[in-house]
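Report on the structure given below.
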Amino acid sequence: MAILPKLSDEQASPAARAVFDDIRATRKTDQINDFWRVLANDPEQLAAVWAQAKKVMAPGALDALTKELIYVAVSIANNCEYCVVTHTEAARAKGMSEAQYNELMRVIAMASTTNRIAIGYQIEPDERFRK
Amino acid sequence: MAILPKLSDEQASPAARAVFDDIRATRKTDQINDFWRVLANDPEQLAAVWAQAKKVMAPGALDALTKELIYVAVSIANNCEYCVVTHTEAARAKGMSEAQYNELMRVIAMASTTNRIAIGYQIEPDERFRK
Amino acid sequence: MAILPKLSDEQASPAARAVFDDIRATRKTDQINDFWRVLANDPEQLAAVWAQAKKVMAPGALDALTKELIYVAVSIANNCEYCVVTHTEAARAKGMSEAQYNELMRVIAMASTTNRIAIGYQIEPDERFRK
Amino acid sequence: MAILPKLSDEQASPAARAVFDDIRATRKTDQINDFWRVLANDPEQLAAVWAQAKKVMAPGALDALTKELIYVAVSIANNCEYCVVTHTEAARAKGMSEAQYNELMRVIAMASTTNRIAIGYQIEPDERFRK
Amino acid sequence: MAILPKLSDEQASPAARAVFDDIRATRKTDQINDFWRVLANDPEQLAAVWAQAKKVMAPGALDALTKELIYVAVSIANNCEYCVVTHTEAARAKGMSEAQYNELMRVIAMASTTNRIAIGYQIEPDERFRK
Amino acid sequence: MAILPKLSDEQASPAARAVFDDIRATRKTDQINDFWRVLANDPEQLAAVWAQAKKVMAPGALDALTKELIYVAVSIANNCEYCVVTHTEAARAKGMSEAQYNELMRVIAMASTTNRIAIGYQIEPDERFRK
């Protein structure tokens, strides 16, 4: 169980409920993920993190799916169970195919290997990349 | 300095040199990154890692740039200086714009925050995501 | 389940039981956390880790609560579920208010972001900080 | 060298320069750390991160020094050279004594050990902590 | 639950089933670990990872048990529950005694501490180790 | 440069110098690694960490070289430059051959990959390993 309780709409403060409403409107869904319901125990932080998420994850120079793939990759590297599960789900909802998922996992697996090899041998960036 | 020496074409074994040649042919460049020159001290491992890289990073269901962005994201999360520098460079070579780079960094920054919040509060995946 | 069994007072060796007794006396509680009961499978290591904990976590130049906050911060960064849960509890037992908990989590969330930004751009310490 | 250039006041956009001015006013110093000068390449992100830092690091339920200690702890766990160096410096500027620094380092060292022991044995939070 | 289903022999593709058969033949067991059954959703990656595992974990200049101990150490540092549990089991199957397990855990605990101390003080490799 | 100065024998306190002497006697060398010279700024911690190192790294159920290999593996996973460089050197001093070093690096590279795959798919330990 989470360390703080998941707040229902009734339990949440008006400020937190306003964020819940914006999440529903933005994502066009009735569901509020537990992440937000737990974070609602600190309504100011809830508002700040949601504002950031809303802006950062919106399509821009990178499309929404690409952003989710990057998000999943970071979450796997950071070993965040909650984030891996929910953002893999989000990537699928945004159209990630099984073939794309396979390739995402292969790139992560490969980078995990080469990262450790470079660190293990303490290889420094090539002269020509150090300006 | 790296723990093992960077092997020049002359110092590399025939097996390692064959990999160098394939890297040059595949990437259409004369440059061999130091990563490969250090790894050439273990020619068998060099061949295996290069074969994996060649296959995994080739465009498929995900395009080559998207794969580089994922690679950079993992490398930043794993804190691999060599990998961050060289793959950011590679992403640029594959067409990453400054706007895309900004967005990549913003997604990584955001995921790093929410990953820690989810871990800090020990939030479990929502019931509906646990099949 | 843990890889090694949790040893009850009866199952623990005399050396391990002596540590249990010292934990009870020092913490003024009858409870022995599972961490110590599992570690009791290696009584020598149990004694060494407890001696270190007893000394390091005692109030000194930093008070006991500040030390717990630091402990929680490291445990979240290291993603240790056991440690996050038990030391958040310990911080509360030592008087951490909800407002302090919120601020702890906000600092951790913020540092997680700026750490990754600094690593992502490979920013080096300012000249004036390198003596 | 950082991947993006450090922007001088002259090179920074008006939006970025406004952030620089606020940093100077808030911190009562003429110095702008390189972190902000590099981040100035993405003025919008610069403004967002600075706004967060200004708010999160201000004294509240936790005093400013305690927040710095937590920041340093996270930065060491995340292995961010830039952050470790600059925030240890910041902690000193906010009054951290050598005795406090020693104790900070001892708590971090200890938590790093017990985190790995708990993970190594896969110890689950005690029944009584799982509500 | 895993994000992708565990494939039974009947559900697996012929290519994946061929890998299952080779795992059984190589390990002289009827059991296929869930890791492989999940990875079977990407048969090509399954074949690649198994080929690597088969080769890398075979006894060579290092014996099979020493390789398992290194594997467990990395898995604990990376905080992979699945890997910690299954490879500790594998180490036992290859003859790891309780005394060896205790020492493995002590070395990991110690390295975790000294790693953080070296990072915390930003200690650079001694002059004589930098050739 | 390290955050605290490296203390020469003359600068170190009598307590710290006693530890230096014991390091020299135990390791049969005149060299004191910079790690200890920096840690000497906190003589009590220096004595505690050295006592732990002396005991933990001594040959026992695992021989001294195996312990060094485990140490290097953890240090690479934790990305500690100082520790990777000095303990790879220590492993060589204890007889690690180039073939053994290659295999060490291959196991680490492989575990890094499979750790991330297991985390990425959120694979749970097989039923039969959960007692």
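The letters A, B, C, D, E and F name the chains in turn, as written, and every chain counts its residues from 1.
Throughout what follows, contacts are C-beta pairs under 8 Å (C-beta built on N, C-alpha and C of every residue); 3 or more make two chains touch, one makes a residue touch a chain.
Since the model is a prediction, treat every value here as computed from it, not as a measurement.
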Original post:
What is the set of chains touching both chain D and chain E?
Top reply: A, B, C, F
Original post:
Going by the contact rule set out at the top, which chains touch both chain C and chain D?
Top reply: A, B, E, F
Original post:
Since chain C and chain E share one sequence, what rotation angle in degrees maps the C-alpha trace of one onto the other, as a multiple of 5?
Top reply: 120
Original post:
Compared with chain D, which chain's mean CA position is the farthest off?
Top reply: E
Original post:
Shared interface numbers for chain A and chain B above half of all numbers used, same, or below, different?
Top reply: same
Subject >> Comparison of B-F and C-F by number of C-beta pairs in contact, larger one >> reply: B-F
Original post:
In whole angstrom, what separates the CA-based centres of chain A and chain F?
Top reply: 34
Original post:
Between chain A and chain E, what is the gap in Å from one C-alpha centre to the other?
Top reply: 27
Original post:
If you average the CA atoms of chain B and of chain E, how far apart do the two points sit, in angstrom?
Top reply: 22
**OP:** Check each residue of chain A and list the ones that touch at least two other chains.
**Re:** 1, 3, 49, 52, 76-81, 84-85, 102, 105-106, 108-110, 112-113, 115-117, 119-122, 130
**OP:** Just say which it is for the chain contacts: an open line, a closed ring, a star, complete, or other.
**Re:** complete
Subject >> In the complex with chain A, residue positions of chain F that touch it >> reply: 76-77, 79, 81, 84-85, 105, 108-110, 112-113, 115-117, 119-122
**OP:** Using the touch rule from the top, collect the residues of chain E that touch chain F in their complex.
**Re:** 1-4, 31, 33-35, 38-39, 49, 52-53, 56-57, 60-62, 66-67, 69-71, 73-78, 80-83, 85-86, 89, 97, 99-100, 102-104, 106-126, 128-130
**OP:** Sort out for me which residues of chain D touch chain A in the complex.
**Re:** 1, 48, 52, 130-131
**OP:** Would you mind writing out the residues of chain C in touch with chain A in their complex?
**Re:** 79, 84-85, 88, 98, 102, 105-106, 109
**OP:** Can you check the complex and tell me which residues of chain B touch chain F?
**Re:** 3, 41-42, 45, 49, 78-80
